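Since the structure comes first, as structure tokens, the remarks are kept for the end.
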Amino acid sequence: MNLTAEGATVRYPGAVADALADADLTLAAGELVAVVGPNGGGKTTLIRALLNLAPLARGSVALDGRPIQEWRRGELARIVALVPQREDTPFSWRVEEIVGFGRYARRGPLEAMGPDDTAAVERALTRCDVAEFRERRIETLSGGEWQRVRIARALAQEPRLLVLDEPTASLDLGHEMELFELVRRLVAEGLAALVVTHDLNLAARYADRMLLLDGGRIAASGSPETVLQAELLSRVFRWPVAVMPLVDGPPQVLALRPGQDHPRYS
Amino acid sequence: MKAILILALLAVLACLAGLALGAVPMSPRVIVAALLSPDAPGAAIVRDLRAPRVVLAFVVGGSLGVSGAALQALVRNPLADPYLLGISGGAGLAAVVAIALGFSGAWGVPAAAFLGGLGAIALVYRLSAVAGRRLDPHILVLAGVVVSAFTGALISAVLTLSPAEQLRNAFLWLLGGFTAASWSTVLVFAVYAVLPLLLLFGSARALDLLSLGEEPAQSLGLDAPRARRVVYLSTSLLTAASVAVCGVVGFVGLVAPHALRGLLGPLHRRLLPAVFLASGGFLVLADAAARTAARPIELPVGVVTALVGVPLFAVLLRRTLR
Amino acid sequence: MPGRRAALLILMLAGCRDAPPPPAPGLTDDAGVAVNLGEPIQRIVSLIPASTELVFALGAGDRLVGRTSWCDFPAEALAVPDLGNGIGPNIEAVVAARPDLVLLYKSASNRSAAEQLRSFGIPTLELATDRMEDFDRITRLLGAALGRREEAESLVVRTARDLDSATVLPSQPPTVFILAWDRPPMTLGRGSFLSEILERAGAKNLFDDLATSSAPISIEAVASRDPDFVLVTGSGEPAIAGRVEWQVVPAVRDRRFLRIDGSEFNRPSPRIADAVRRLAAELRGAMR
């Protein structure tokens, strides 16, 4: 699995500026890349560009050597699973049905689901800790539970690249950590993962590489240490921050209150 | 599986009721005799009037039900009905003009209505393309509202300029009825409806995914633009033909999908066949009631479906909201 | 097509009327309104084809200054200015004709027209010209209004005698289905003028159990009652003759049609007896 972008540029119709400009990126199996940046910086647009959900004005994106535009949706869904930021549906689906949708890409429209499909759904339900909800209707789920169900659906696709857009938005601390632990485990097993997140610190602790997007451009990319620079972050997020190195880990970011100086810690 | 069998049985019972009821009271024995032999008393009525009506009402009802269910997934709104996209407006306008111009052939008004429906389909498609988002659910609904309003205004204008009785007759036609049903109409409609119905049944998984939204559907492997085109064209063609054959019959595309979705769940593989059977049976019973309630006077079917459909729908809504 | 127009007209007249109250002493119209007519009436606007015919029959045709587009008899009527519809009339046009008297068709749709005309101070007589029984009353009322009482009385007597001589009363009248409209199928019940003409011409209305003037009916009902004839308006082959679903009715299958054409079948006018005679002749010809 190899996803590369070169100079990818997206401009939405009627917009005055590019939503994404000259983005270069490579993703390979076994790594977790976190995409961070301020709101409106182009993070979701990057995902759309990578998955052919938005047309490229300039540049190119290729998956396993083939231009992304040449991939049929079904083919693509067997390799890449996306969990979009927001999703709502008017119908009262059961959790099991939603996760089952992840298998549609592997079966023709009239082909029945087989035992390996059932097994994949089971695995996905268990890994995302939603197996006990399988009969529940989605409108009875909390925001976090709905999130986990959608991730289970993505896992049911048995993808080689997992793309998550703000997956921890509605999750509590415990579930947040569980989610990132899960993704880390999957990456260790050989999956590639691209995670858009607003949580700089979690990103730093779990990601192999980070990408900082600002105004549609990549402002920094590389290891967490490279990307998390106080001056750069303060400028990009328009708020003063301090970056504190952990003794046995990546740096952590602390936003400063007005008048506050670099914090002291024991 | 059990549910489908029960529905099939109910559908058969509805058809039998449709054969048994009508302007002329007939005992079950007379009806069975009439079905078996063309010379039995009352055979002409049962075989040449009621039987084609029952079959036509069933197929039209089933088509409208399946179209309604599919459209609800397409525009992601459980209150969508087949006439949402302006088809009834286009067909109605063409029919009213045809009546005003005195088209008298057996196929004059229906053919005009069908062409009018096609015109509305093309117009809505074009409007959605002009907005840059071909077949996007929100744009479709808006375009449908625009076309409905536009054709509605034109219908009012035509009726205002018509003599008083043409006005009443145009209304009666618009309110729907199966009075002109014959075996040839049944054949034409059935042959025509096979392909769109098969396409819709085959789109069951696509409909599941479309109801989630464009991005989730595509990321799960659906070629969303193509699926939307297939669903849009199939539902539109079925609806246009229905209006051509029997006028505008409301609630058929709304009640069964809603009720069955609550009972059987929204999975379209299970839902669509069930909706076909239930809507078909519903329209057969409505037609039977139209022929019997005020005999020998025949009520327009659209009035019966509305009178029954509205309270039914209110009950369904209450149950969903509880 | 003229036949269709006649059919529409029949339905129109059959479709909108209420029962008139019993006549009161003095000049009271069919809506029960007492109308004061001062000076001799010189300018009449007749918004009903039947009253237009009557005004001419009473010898006062030269006083007409307005008629409806449907007033086509007698030929002299065509010279009178056409003011448009009789139901929902053009008030402006009527007022512009400066009438001393307006004859208005009594129906719910004309209620506001009556009020508007009266508010302009124009004497208006609302007349329910729906059925045969209305003829005598309306003729006498118009005679009183126009100062032609004797002419009115003799017209009533003449018409009654004419009608009696034209009436046919066979021992076994054939049954006739009146096809008023085909999509959806509609018929006229016993509460309609044409049904009365039919009965006098020696036939039985298939749907004389329907008290209403017009109603949509099932083809089934027609087929099971199996009429001897089907009455259609206009000439030539009726549209239903070729329709598959109608072949269930033996009279349609065997093309047993009675055709009538002419405005005397639409309205209770001095030509009532003519209408009966013509229909009776058509019936006789068909039964041979």
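A, B and C are the chain letters, set down in written order, and residue numbers restart from 1 in every chain.
FYI, contacts are C-beta pairs under 8 Å (C-beta built on N, C-alpha and C of every residue); 3 or more make two chains touch, one makes a residue touch a chain.
Worth saying up front: this structure is predicted, and the values here are computed from it rather than measured.
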{"item": "Best-connected chain pair, where connection means C-beta pairs in contact", "value": "B-C"}
{"item": "Distance-maximising chain from chain C - centres being C-alpha averages", "value": "A"}
{"item": "Innermost chain, where centres are averages of C-alpha coordinates", "value": "B"}
{"item": "Computed distance of Cα centres, chain C from chain B, in Å", "value": "40"}
{"item": "Centroid distance [mean C-alpha coordinates] between chain C and chain A, Å", "value": "81"}
{"item": "Distance between chain centroids, defined by C-alpha means - chain A, chain B (Å)", "value": "44"}
{"item": "Chain C, residues touching no fewer than two other chains", "value": "none"}
{"item": "Complex contact set, residues of chain C against chain B", "value": "1, 4, 8-9, 11-12, 15-16, 87-88, 181-185, 207, 210, 215-221, 223-224, 239, 242-245, 247-248"}
{"item": "Touch list for chain B against partner chain C, complex", "value": "22-24, 42, 44-45, 48-50, 52, 99, 102, 104-106, 109, 163-166, 168-169, 172-173, 177, 179-184, 291, 295-300"}
{"item": "Chain B-facing residues of chain A, complex", "value": "13, 51, 53, 72-74, 76-78, 80-82, 84, 87-94, 97, 101-102, 104-105, 109-110, 153, 157"}
{"item": "Partner chain A, residues of chain B touching it in the complex", "value": "72-73, 76-78, 132, 202-206, 208-209, 211-213, 215-216, 218-224, 261-262, 265-267"}
